[in-house]
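We call the chains A, B, C and D, going by the order they appear; numbering starts again at 1 in every chain.
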Amino acid sequence: MNITRHVKEGFIGVLRHSAMSVSAATAVMITLVLMSLFLLLTLNLSQITKNVEESVQIHVKIVDGTSMETIDAMKAEIALIPGVKLVTFSDKNAELDRFIAAFGEDGKIFEMYRGEDNPLRDAYLVDVVKNAPLDIIAAKIKLLDAIEGVNYGGDNTLRLVSLMESIQNGGLILVSILWLLAIFLISNTIKITIYSRSEEIHIMRTLGATNHFIRFPFLIEGILIGLMGSILPILLTIFGYQYLYNALGGVLVSNLFILRPIYPMVFQVSGILAGLAVLVGLTGSFISVTRHLRWNR
Amino acid sequence: MNITRHVKEGFIGVLRHSAMSVSAATAVMITLVLMSLFLLLTLNLSQITKNVEESVQIHVKIVDGTSMETIDAMKAEIALIPGVKLVTFSDKNAELDRFIAAFGEDGKIFEMYRGEDNPLRDAYLVDVVKNAPLDIIAAKIKLLDAIEGVNYGGDNTLRLVSLMESIQNGGLILVSILWLLAIFLISNTIKITIYSRSEEIHIMRTLGATNHFIRFPFLIEGILIGLMGSILPILLTIFGYQYLYNALGGVLVSNLFILRPIYPMVFQVSGILAGLAVLVGLTGSFISVTRHLRWNR
Amino acid sequence: MLKFKEVSKTYKNGVNALYNINLLIEQGEFVYIIGPTGSGKSTLIKLLDAEEKATKGSVEVAGVDLAKLKPRKIPLYRRSIGVVFQDFRLLEHKTIFENVLFALEITNTPVLKARQRVREVLSLVDLADKANDFPSSLSGGQQQRTAIARAIANRPKVLVCEEPTGNLDPAKSADIIRLLEKINREEGTTILMVTHDISMVNSFRKRTIALQDGHIMADLHDGGYIE
Amino acid sequence: MLKFKEVSKTYKNGVNALYNINLLIEQGEFVYIIGPTGSGKSTLIKLLDAEEKATKGSVEVAGVDLAKLKPRKIPLYRRSIGVVFQDFRLLEHKTIFENVLFALEITNTPVLKARQRVREVLSLVDLADKANDFPSSLSGGQQQRTAIARAIANRPKVLVCEEPTGNLDPAKSADIIRLLEKINREEGTTILMVTHDISMVNSFRKRTIALQDGHIMADLHDGGYIE
């Protein structure tokens, strides 16, 4: 068997059927652009969901003037509630720091409350385990003695967390479906391009070429078309994400969601795209050439 | 001109090139399934975003024992803050109702606090206009006299609202890109199928058929392939959404997000899919037949 | 009337297929075009068919100057001539009946009349029993006769045949020639026939134009015995 | 040695192309197959080529029973025979050189030797100057000679030619026959030639098998003058 010959034939085939090759590569390209978009989205979503989940915290305000013993005792009690991961005490002063920090530059004006006038309360910051029932934990804390208020962001936090999770799950399902569809689309396209070559395949068979001999150059063509189709999506992935990342300053809407760093993600995604294109181009042409070979004697 | 003849020819064309037609229709099908998925998602997202935005509320607790005059005066003051749409007073008792309601069946146990023992406070429920700066409004309310606490869900509400909005915007952009890509993919597929018919087109031209005469049956074929490819996506849209809607009980994750009603949305989406398929099938074959006609004398 | 005036044809790859051809064929003539392989016979036909454009000179058919013919007008022109191609050019995915019908549909022949005419020409070339077969299940000679039936279906003013008997046995060949003679005689159709079949040229004598290397070598007005 | 034993062939659409054919052709013979159009000549060739299977009876070529040939073995078998098809079957997207080369690549001929052989056979059929053209820019006769060159490139034991001179002028036809005679004589190749060209059958006398409606009508061992 002469591999050089087959590879050369594959290249010639792509060139001589250029209109067809370009069309097929275009279809591959479009499909991969979609794939890339969704991969990048899902990867970022999973990152953001993790951020959000980690930032969920119950804020417990302590009645003014509670003794240190009670504070420590309650802290221990809270820590025992199922679902609670960590309880941190934060005194009035620290609370004002957090308050001011939350407002950024504008927060400075609240400095005047520092000291005796501080209207804030000592507080516990309660971190919970993943998927903990925030509302129930909050209600339980509220039943303790010297608690002035419990705040976990209410329904909206529940909503946010569950939304992020269902988006992430939905995204995963979607990406899996997309993989299947992309594979189907690409191999279907390559199948169509080979239909128009059935005459050619038939003649080769008539001349006494073995199936293997006929198939090999088509496999190379499939790989080439796949590769041709993956160039633009890869460039789009690398430079497009880079551009977006920089344009958005690495975050999605005002610091709330942190995007995934550019590297190495874009290279990983590019690798997946190229691999997918080659694999599907290869199998697509394998299947359809084989089918034509089976029809003929 | 004999339209019946051309339409009949179109049908015959699809039948005689059945393998090709099926392949092309499959590609159309896959593309439309994607389209349907994204249309349904975006439509629901915009609905859910609206729900979330409407449910954003600032909850203001009033210091126990504040006089009715002060309460009314503060209500008027809050109403004057820019961004505030509506201020509603809710007394301890009403607050307990809300509290209990929020816990559903489990909430019953809190009934024991009803009456004198009620640990809750009178409160204002502050509705704000769309996109209002929740944090700033909350801070301004907090500076009033007899306010014990202000709660808008904190960062997580901000996050949720902005996330929903950016998802919705992103979704719109994505769906627009998808439209373009779908159109491109479908017409590209039909283009490829017509390549293999170039010999046929050339012969017809040689026999003295006008471009119009050659083209018409191909347009019918394009429409038929489009329609064939849209059957499954339409069925999937109608029955799939119905099934999901019923399986989820009309909501996405525990009452927080209400899904769009099944009707008439599924029919609208189906109409869009069929229309798109026909339109793109038509233009795809028009463009590629015309190109073949231009190449030949 | 067919008129070639100082016609030359050079293909894109530089091959000179015809040099300075001058030729006049009157309406109603029956002319053989002979010549060795590669001498430019098919090229001559392609010029007549407006499939190729002359590089130099002018080709005129029934008053139409083919060089000046707008692409939009080509279909209309082609309906006035019938061509039997060397490679048949049948529509693979249409039956024999539909292949012939197609030529009549192009000219907007009413359906019933068209179907009637298809049956008529198919029995003229002795293919009535193959009407519903596809070209791929026909023998070479049967495909060739389908091409002939299609070319004559519209009763064109000019009929051009490339080797219409190349795949036929002598008996069938003679049948076809007699059919063409009848069409020529009864309908006044101008007939140009490219052939290699010297024995036929010798038995059915007609004006014979001999090409060689793109030049007209001989133009024997009464036919003649050619070796 | 070619052996047909009580072979019948009925196509899927019910057409009976061959009836009860018995035929024995020795290695090294040169045989004409003649017969009117549609008499089953191409079908006979398709059986030999293993493109179609006999409905009844057995076809044996050089000891291989074609009915029992596994699809996987067909390519190997086909390399031992060379076929010139009525419709040429050239690979449209390969040049003339590559078309002929393809037949040699199949048999794993070393590259240099293969290219050498391609040049050799192309000049045998007088097409050396068209080596780099594509089939579409060749005349009918030139395409036919390409098909001949491709069929003989591998020096097959059996050479089957369908109308190898159907698109050639008498002079070129005679050249081709002389070429085939030389191959037959020098390499001991069995040659089966389907033809309508009675004048050729008459001038180059060989064993002649006449088919009619799927039957063997005559088997003239010394050739003969046929009307």
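The criterion applied here is as follows: a residue touches a chain if its C-beta (ideal position, glycine included) is under 8 Å from a C-beta of that chain, and two chains touch if they have at least 3 such contacts.
Predicted model, so just to flag it, every value in this text is computed and none were measured.
Colleague: Determine the shortest chain-contact distance, in steps, between chain C and chain D.
Modeller: Each step joins two touching chains, and the minimum needed here is 1.
Colleague: On the document's contact criterion, could you list the chains that touch chain B and likewise touch chain D?
Modeller: In this structure, the chains that contact chain D and also chain B are A, C.
Colleague: Report the chain whose CA-based centre is farthest from the CA-based centre of chain A.
Modeller: C
Colleague: When the C-alpha atoms of chain A and chain C are each averaged to a single point, how far apart are the two points in Å?
Modeller: Roughly 66 Å, centre to centre.
Colleague: How far is the middle of chain A from the middle of chain B, if each middle is the mean of its Cα atoms, in Å?
Modeller: 20
Colleague: Just curious, how far off is chain D from chain A if you go by their C-alpha centres, in Å?
Modeller: Spacing between the chain centres: roughly 63 Å.
Colleague: Please list all residues of chain C that touch 2 or more other chains.
Modeller: Residues: none.
Colleague: Quick one: which residues in chain A touch 2 or more of the other chains?
Modeller: none
Colleague: Touch graph of the chains shown: is it line, ring, star, complete or other?
Modeller: ring
Colleague: Which pairs of chains touch each other?
Modeller: Applying the touch criterion to every chain pair yields A-B, A-D, B-C, C-D.
Colleague: Help me check something: in the complex, which residues belonging to chain A touch chain D?
Modeller: Contact set of chain A toward chain D: 1-2, 5, 13, 16-17, 199-200, 203-211, 213, 297.
Colleague: In the complex formed with chain D, which residues of chain C make contact?
Modeller: Going through chain C, the ones touching chain D are 11, 13, 15, 34-38, 41-42, 86-87, 133, 137, 139-142, 145, 162-163, 166-173, 196, 198-199.
Colleague: With touch defined as at the start, can you tell me which chain A residues reach chain B in the complex?
Modeller: For chain A paired with chain B, touching residues are 19-20, 23-24, 26-27, 30-31, 33-34, 37, 52, 55-56, 59, 61, 102-103, 135, 139, 142, 148-149, 151, 153-160, 162-167, 174, 177-178, 181, 184-185, 188-189, 191-193, 195-196, 252-254, 256-257.
Colleague: Which positions of chain C touch chain B when the two form their complex?
Modeller: Residues in contact with chain B: 49-53, 71, 74-79, 83, 85, 89-94, 102-103, 105-108, 111, 150.
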